[in-house]
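Below you will find the structure I want to go over with you.
By letter and in written order, the chains are A, B and C; residue numbering begins at 1 in each of them.
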Amino acid sequence: MKLRDFILRRVLLAIPVIFGVLTITWFLSYVVGDPLAMFITERTNPAAIPGIIQDHGFNEPLVIQYFLYLRTLLAGDWGVSYSTGGDLPVLTVIARKFPATIELAIVAMVFAVILGVPLGILSATRKDKPIDHFTRVFSLAGVSMPIFWFALLLKYVLFYQFSVWGLPYLPSGDRVDNELWKTVLHNGVGYDFTSSITGFVLVDSLLYGQPILFGDAVLHLIMPGFCLGYLTLAIITRMMRSSMLEVMKEDYITLARSKGLTERIVIYRHALRNALIPTVTVIGLAFGGLMSGAVLTETIFNWPGLGRWATQAILVSDMAAINGFVLLVAFIFVSANLIVDLTYGALDPRIRYG
Amino acid sequence: MSDSRVLLSIENLKKYFPLTGGVFRKVIGMVHAVDDVTLDIYRGETIGVVGESGCGKTTLGRTILRLLDATAGKITFMGRDITHVKGSDLRAIRREMQIVFQDPMASLDPRVTIKNSVGEPLLINGVARGPRMRAMVLDLLQKVGLTEDHLNRFPHEFSGGQRQRICIARTLALNPKFVVMDEPTSSTDVSVQAQTLNLMKDLQDEFGLTYMFISHNLSVVKHMSDRLAVMYLGKIVELTPEDIFRKPLHPYTFALVSAVPVPDPRFSGRAVILSGEVPSPINPPTGCRFHPRCIFAQEICSSEEPLLRDMGDGHLVACHFAGELDFGRSAQMEYARAAEAEAS
Amino acid sequence: MSQSQDLVLSIKGLTTNFYTYEGVVKALDGIELSLKRGDTMGVVGETGCGKSVTAKCVLRLIEPPGRIDGGQILFYDRDPKTGETQETDIVQLTPLEMLSIRGNRIAIVFQDPATYPNPVFRIGAQIAEVVTLHQDLGREALEVRIKELEESLKNSPSPEHQAKIREQIEHYVSMLENPPKPDRKYARKAAWAKAVDMLRLVRMPSPDQIANQYPHELSGGMRQRALIAMALACNPSILICDEATTALDVTVQAQVLNLLNILKKEIGASILIITHDLGVVAETCNSVTVMYAGTTVESAGTKQLFENPVHPYTIGLLTAIPKLHENKERLDQIPGTVPNLINPPTGCRFHPRCAFATDICVSDRPSLEEVLPGHYVACHHPQGNL
């Protein structure tokens, strides 16, 4: 009952945010910018331009234009992106690029959470011991190292040097080794993301029933995944450490100890859940950030995701693509916030009533 | 009301806090923090306000000082209606009315020296600055038992009792007429508490102050006050100039008084054990608010709200049966039975 | 001091220091305290006197930078079945050995019911946790299982089915004599049932419902009852109440103290009540130990101490509190403030605030002497009627 109200309230609160974003993007691209740019390319016949203006109502008053814009958006017409080659509808491009980004984001997040949370706990429970010093240096490096530099360093060592030394080395980029896929699948194209089953290489390779392709996909994910996850890992570790230290000072920890529980149970049962509450915020927002594409990592590892597409679009003023990207990112962040709030409710019984 | 002895008078004062809930955060109820309180405070007296948490005593103090806006009612200070004054008028009135809070550490800025902390009101109100301010601050500090070398120190260099004295000094900087003491000694130790209480009495004589002394500690309030108001769920249930502990007339006062642990084994074990808990101030009980927990309650108590009646010598009680009740040993047994019955 | 047979706790020369950046805080300096079996003893003193630190030492809950540097905490635990008493020096126990005493043989209730329960777990789960931890629930788990089967017997459709259930019941009943290790599911149920029983013991209205609630859904008084239930769940030999009623309102405090007085008779634990409120001591305890700045200054029966206080500090403490039953224009005050324990006063730690202090008080530390039968005091110039 109360929980339902809480969820309902949070979902309803997301609506005005989405509208705000829609309005701001509209304002920037239709009022400040030139909306025509979204519908014409170098190849558009100049004679057709008045027709386009007429069709899209660009000669109407702004208020009418705003509602027309909302209507076309809701109808699923987000314009055409010409920077991808082949003038595809924006939604189609997103549908093709998004899985690559999601896959990378998930891997990065798994790295970050699986390593970050335990490292944070370890660091907090062994405060000022060697492991704590190590973790602090490790996470400080994570937040302060420029990601492109770190990515190049990884590539230099794990790809170039390893291959020079004759060691097994990691691939330097791309989602798959397409030659390998061609050979295994005998289809002449290799991994074709336009006709793939799910768009997730890890899933598709298994669906094809080819463990060797799955292995290939994993190898390709290690470097970009770790590179992208390192920053988040560092943030999670630091957050986890500080909130754990905070929680360990709480009275209920003293009470838990006074019951005769072992330190292990005190930490993992009584402290962890409370310490996770602030960490979840960081995790959620970082995930939102990862999902909206990582420009530098995707560029360096030649990863065909949203980030690289958005950069391309900006470089050639592909307005429809930029617009679509901004809207998508807004949706992702709103949903990430929503999920964070709901997780709060699940972790902390006091919040549902707040 | 034109009684010149009255410094401050409150008529039918109400302070409700809205309570929101549901998907759209609608106002779904009101917390009746202070509900229809009428009280005259005389010049030079100390009026004690006592009650348990949630009874509205702190809200009452803050509403009187205009730190909170009253929902309804009227506050008259030195013959002037101050319920709705604003801006510079309000600031002028605030110079006359001050407050001392429970936690002295929280009410002193840790990065400001004692001289500047105590001198701040002088500076803001343009009373004094520079060497003159220093001299005035020193004078105030000496009055509360501190010395010249404390002037340039910071709050963390003092003990809790000393900090509370610094707060008192700051309160007195503008020569107020009326001071609300909100649980001033609740966070100090017994031996320090005695020092602070004695100091407050001395200052009252010296400055001709009128105090409103708010506390949950009955013994302390009784020690400090000339008259004592007992609050329960937003209302004054008993107001008396007499020694309330010798002659309580309201059943709640009786229970409250008896519940105070007496530091004397000869008097121990006399506590009345009330059943249940204080009801929610969102939906206070009808009629007399104490009736669900009162063993003397009759039908009238749940239907009709008792008003404060003068039982002689200004002893006001809000109970339908004031003066007719016998708070003997049998009453205590009756309460014990009720509490035990409720538990099982 | 007295015969060790009837003692349950005897603290001798307990010394605890905290090694901070500002210096070594000498929090406890040779504490002496004896708790008789079945007694309720009050430990009184002001902030920083070391009363709470003593409680934490007894449970070995002192965290770094604190350390127990000397003395003994002798705990005489009596086996409920055999009646044999076993002497243990808590200071010497390994952390692992201590786990089986903490929360089991010695339990504690802390001051603030708002911050001590874990906010994210249900009340029942928090009590059940300590039950599962220290008790072998073999028998209780079987009983739960039998009860469930009896329940299903009533709703059973066919006679064959009923016969089958009866057979099962008999099987489990036969195991009651020598119960095996319980399986997890039934142990959990048994622990929960025990938690509900404990809530009932502390006179909680509708204990089933309360067990399912979270701490924030209860009032302060209810939460404190729940914490008392938690502490009593394993029938401890010693219950320590560390300012357990300080944060409560007067009438709620009266309810809780009354509860403690009733439970005292029901549970047979010895109780240590740590408080700054002499009123609470007078209401609940039959003996008192007064502490000042990390030392024991006086110890006696409650009546004896209140009627004839001997140590100047105790006298000061008793006269400094405003009392309901007397009218006094001014309170007697103890001059000065509680000393800094990094550089405590030499000799008697109370001498800088004491009206009777002489040279010997500055140079020599007074030892705890029996000045009257059962009345101990550490003072060179004891007052009162001797």
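Convention: a contact is a pair of C-beta atoms (placed from the backbone, for glycine too) under 8 Å apart; a residue touches a chain by one contact, two chains touch by 3 or more.
It should be emphasised that the depicted structure is a prediction, and the values quoted were computed from it without experimental measurement.
Centroid analysis (C-alpha atoms only) places A farthest from subunit B. The interface with the greater number of C-beta contacts, when A-B is set against B-C, is B-C. A separation of 52 Å divides the Cα centre of subunit A from that of subunit C. Between subunit A and subunit B, the centres computed from C-alpha atoms are 56 Å apart.
Inter-chain centre distance (subunit B to subunit C, centres taken as mean C-alpha positions): 34 Å. Residues of subunit B in contact with at least two other chains: none. On the side of subunit A, the complex with subunit B involves touching residues 5, 8-9, 12. Residues of subunit C touching subunit A in their complex: 59, 61, 98-104, 107-108, 110, 112, 115-120, 129-130, 133-134, 214, 216, 227, 230. Subunit B contributes residues 22-25 to its touches with subunit A in the complex.
By the touch rule above, subunit A contacts subunit C in their complex via residues 250-252, 254-262, 270, 273-274, 347-350, 353. Residue ranges of subunit C in contact with subunit B, taken from their complex: 46-47, 203-205, 219-222, 249-255, 257-258, 276-283, 302-303, 306, 316-318, 320-325, 327-334, 337-338.
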